[in-house]
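For reference, the structures are reproduced in the following blocks.
Here come two complexes built around chain A, the first alongside chain B, the second alongside chain C.
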Partner chain A sequence: MKFWALFKRDVLVSWRKKSNIYQPLVFQLLIVTMFPLGLGAGAQTLAKIAPAVVWILALLSTLITLENIFKDDYEDGSLDIYVLSGMNLPLATLSKATAHWLTTGIPVIIFAPVIGVLMHLPSQSYGVLMLSLLLATPIFSLLGTVGSALIMNIKNGGMLLSVLIMPLLAPVLIFGAGAVLETTLGNSAFGHLMLLLGCSVLSLTLSPLAAAAAIKINLE
Partner chain B sequence: MNRIVKFYHEMGSPPSYYRITKHWLKPMLVLAVIFTLYGLIDGLFFAPEDYQQGDSYRIIFVHVPAAWMSMFIYAIVGIAGVMTFIWRMKVAEAVMMASVPIGALFTVITLLTGMLWGKPMWGTYWDWDARMTSELILLFLYIGVMGIYSAYDEDPRKAARLAALVAIIGLVNLPIIRYSVYWWTSIHQGASVSLMGGANGIKDWDMLRPLLVMALGTKFYYIYTMFSRSQYYLLKTEQQKNWVNQVIENEQSGVKS
Partner chain C sequence: MTLTTAQLQINHAQCQRSGERLFAPISLSMNSGELAVIAGPNGSGKTTLLEAIAGLSLLACGSRLYKEVADLNLWLRHSHYLGHKLGNKANLSCAENLQFVAHVNEIEIDIKRIEEVLSNAGLAGYEFQHASDLSAGQKKRLALSRLLLLNKTFWLLDEPFVNLDHAGCDWLYQIIENHINQGGCVILTAHDQKKIHDLANHHITLVSAQEVE
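Entry: the complex of A and B
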């Protein structure tokens, strides 16, 4: 009961802060424009790097939204209330991660084909592209709660957050972009997607614990 | 009480840790210097030439021990991190935070010597080979631990616990990162160049000896630096405590007499 109340609140707050939703998409659109300008607009050149570009843009655009997952709640004292009221802290961070995924992850998944079209991604790859992002965006949000909980009372912690999160996201990028790349070459992406699913499940089980531990240390 | 158990408990308390390890510094430094000098001289002048790589293979005597240390120290950081996190042991904090910069240094040495070795051997300073990439990611992990610690400079104990958490998260992820990077290179370039020419490539005892001696030398250097840095860490974080004042008084009276 308590969890659902919290979850509703998290989603509502996240939804009302519209910058969470459109910021990543505008970022992606801006950066994807740079690639043809820098590389030359040849469809061949762009199609070759399209899987990587679409994936890296999805990752980076999510990264810029992570910093604030816990910041507001830390600053207005809500987090202290959670801890004091004896709430299950890992569940609370899971609610935050889900709310973040609903308002940032899903728009990124829906928007990815647009970036794909702009980068001349071959037509057989769109299904796997969206499927791989569907498996990976929860990882972004979950690891994001860990990173955000670690840096929530640091000013300008964005850079530090990137340093902390990026090495952990390297495998996700390898499997995700790899899956899309395999489909452009006409191969099956099954193995990559399975590994990605494994990463998802692992981060779903471990990240809430890590994020809760970070919050506890921070509020001591 | 059993002597070993007593020693274990003594090492857990900052004053006795300081008192005991203070005497280990000099022997460790002497051992480090002796082993490193012997290993370098033996490796650079007396070990036989490699039949393929000629003299340029000799950078192995710096590169490989440094690479071993870079990973070994991360394991120490991870274990000390677990102890910091669970038991809040101050000595574990000190060991962890003392080890991190040394590990980062060894990682940088590994990357730099690898690049210098790569230029004559592969014709390029950098190749996105699995080992090089995972070593680079290891450096990022070290930087992350140092970064979170220095961001909380007003409260070192909280900083150490957060750094321990980051180190543990890194330790859990390290195998995943390593394997994913290996599979990634197997996708892209087929057989990748093995950095050591295959560890089983070295069969000549005259080549192996300097390598093992250098490995011991770097170990002793690490032990020396780690103890001296962790002692400094404890003196700094415990400066309000009585035992630190006692140490300072003893030092001053020792200088006078």
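Entry: the complex of A and C
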């Protein structure tokens, strides 16, 4: 019940705030429109770089939302409330990650085909694009809880957060964009997707523990 | 358990900030129905001490025993800490804020109980107002109303009188007195509240560790 209450509250707060949900999408849309302007090239050039661009945009647009996962709660004091309720902290961070994924990850997955179309991504790649993001967006949220818990008491810690978790997200980008790239070449993306699934499971098992430890360090 | 056994026992507690001990060791033993007031100049570590007692951070040395055991979870179940950061979510309504607090503390409540608590706190009719629309004093009242909602034995309050108007101070004084009379315990930090100092059973004044040495 505790975790459900925390999850429900987080989703409600995000839903009321709205910017949490549409900010990543607007960010993606603005940048993707720059590509044809900057490259000055036709559909073929765009299609070539499409897998990488779609994936990098999904990654970066999620990255800008991660800072607030714990920072808001730390600043308004509601973190104290659930920490002092004797809640199991790793499970609490898992519930935070789930709420973040639902309000940021899902919209990014749904929006990805739009970015794909704007980048002239070949039609056979959309299924794998969405599948790869479905496997990868939970990783963003989970690692985000770790990063956000580490920087929650630092003013303007957003940059530090990016520096901390970007290296951890590099393999995810390689496998994810790789999977989409393989499909554009007409190959199977199975290997890449399996590696993504592996990363998902790894972050699901380890990040709640790391995030809970980070919260404890920051409160002491 | 005999009557002479203290509910809460704090032995030679000290806190530190960036490696330095903040104040000389303090000890406190509280029985049910008692009030302790922590005083000391700004920066003497009142908030740090209260957070450590609450279980939010660790004591640098010393121990906290509740009912003679150092079990943190048992202590958390029977205490509620209210600090400078009030813990209200700005874009949730008063009722939703209280609902969340009740649910994470595993207490079942209905809207009637919430209305009752809010009207007791002088916030009748504000159930569906977002916490961000309240004044500073009303936000404080909303946070304080959690004490009534959760009804735990130990209340740990950091500067609870700040931001409250005269009526608010009287109300808070009243609920603290009621709580004590019902066998609850209150530890709070305060500056110029003569009334609350008069009511207190324990006075703790923090002196800096260097001065003592």
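As a working rule, the second predicted complex is superposed on the first by the 219 of 220 C-alpha atoms of A that agree within 3 Å, B and C clash if a C-alpha of one lies under 4 Å from a C-alpha of the other, contacts with A are read in each partner's own complex, and residues count from 1 in each chain.
FYI, a residue touches a chain if its C-beta (ideal position, glycine included) is under 8 Å from a C-beta of that chain, and two chains touch if they have at least 3 such contacts.
The model shown is predicted, which means the values in this text are computed figures rather than measured ones.
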item	value
Which superposed partner A:199 touches (first chain B, second chain C, both, neither)	first
Touched partner set for A:151, first chain B, second chain C, both or neither	first
Touched partner set for A:37, first chain B, second chain C, both or neither	neither
Chain B versus chain C as contact partner of A:174, first or second or both or neither	first
First, second, both or neither for A:163, with chain B first and chain C second	first
First, second, both or neither for A:220, with chain B first and chain C second	both
Shared contact residues on chain A - chain B and chain C	220
Interfacial residue positions of chain A with respect to chain C in the complex	1-2, 4-6, 9, 12-13, 16-17, 75-78, 80-87, 219-220
Parts of chain C lying in touch with chain A, wherever the complex brings them together	54-58, 72-73, 76-77, 79-81, 83-92, 96, 99-101, 103-106
Footprint of chain B on chain A - complex, ascending	146, 150-151, 154, 157, 160, 163-164, 166-168, 170-171, 174-175, 178, 181, 195, 199, 202, 206, 210, 213-214, 217-218, 220
Residues on chain B engaged by chain A in the complex (per definition of touch)	85, 137, 140-141, 143-144, 147-148, 151-152, 158, 161-162, 165-166, 169-170, 172-173, 176-177, 180-181, 183-184, 187
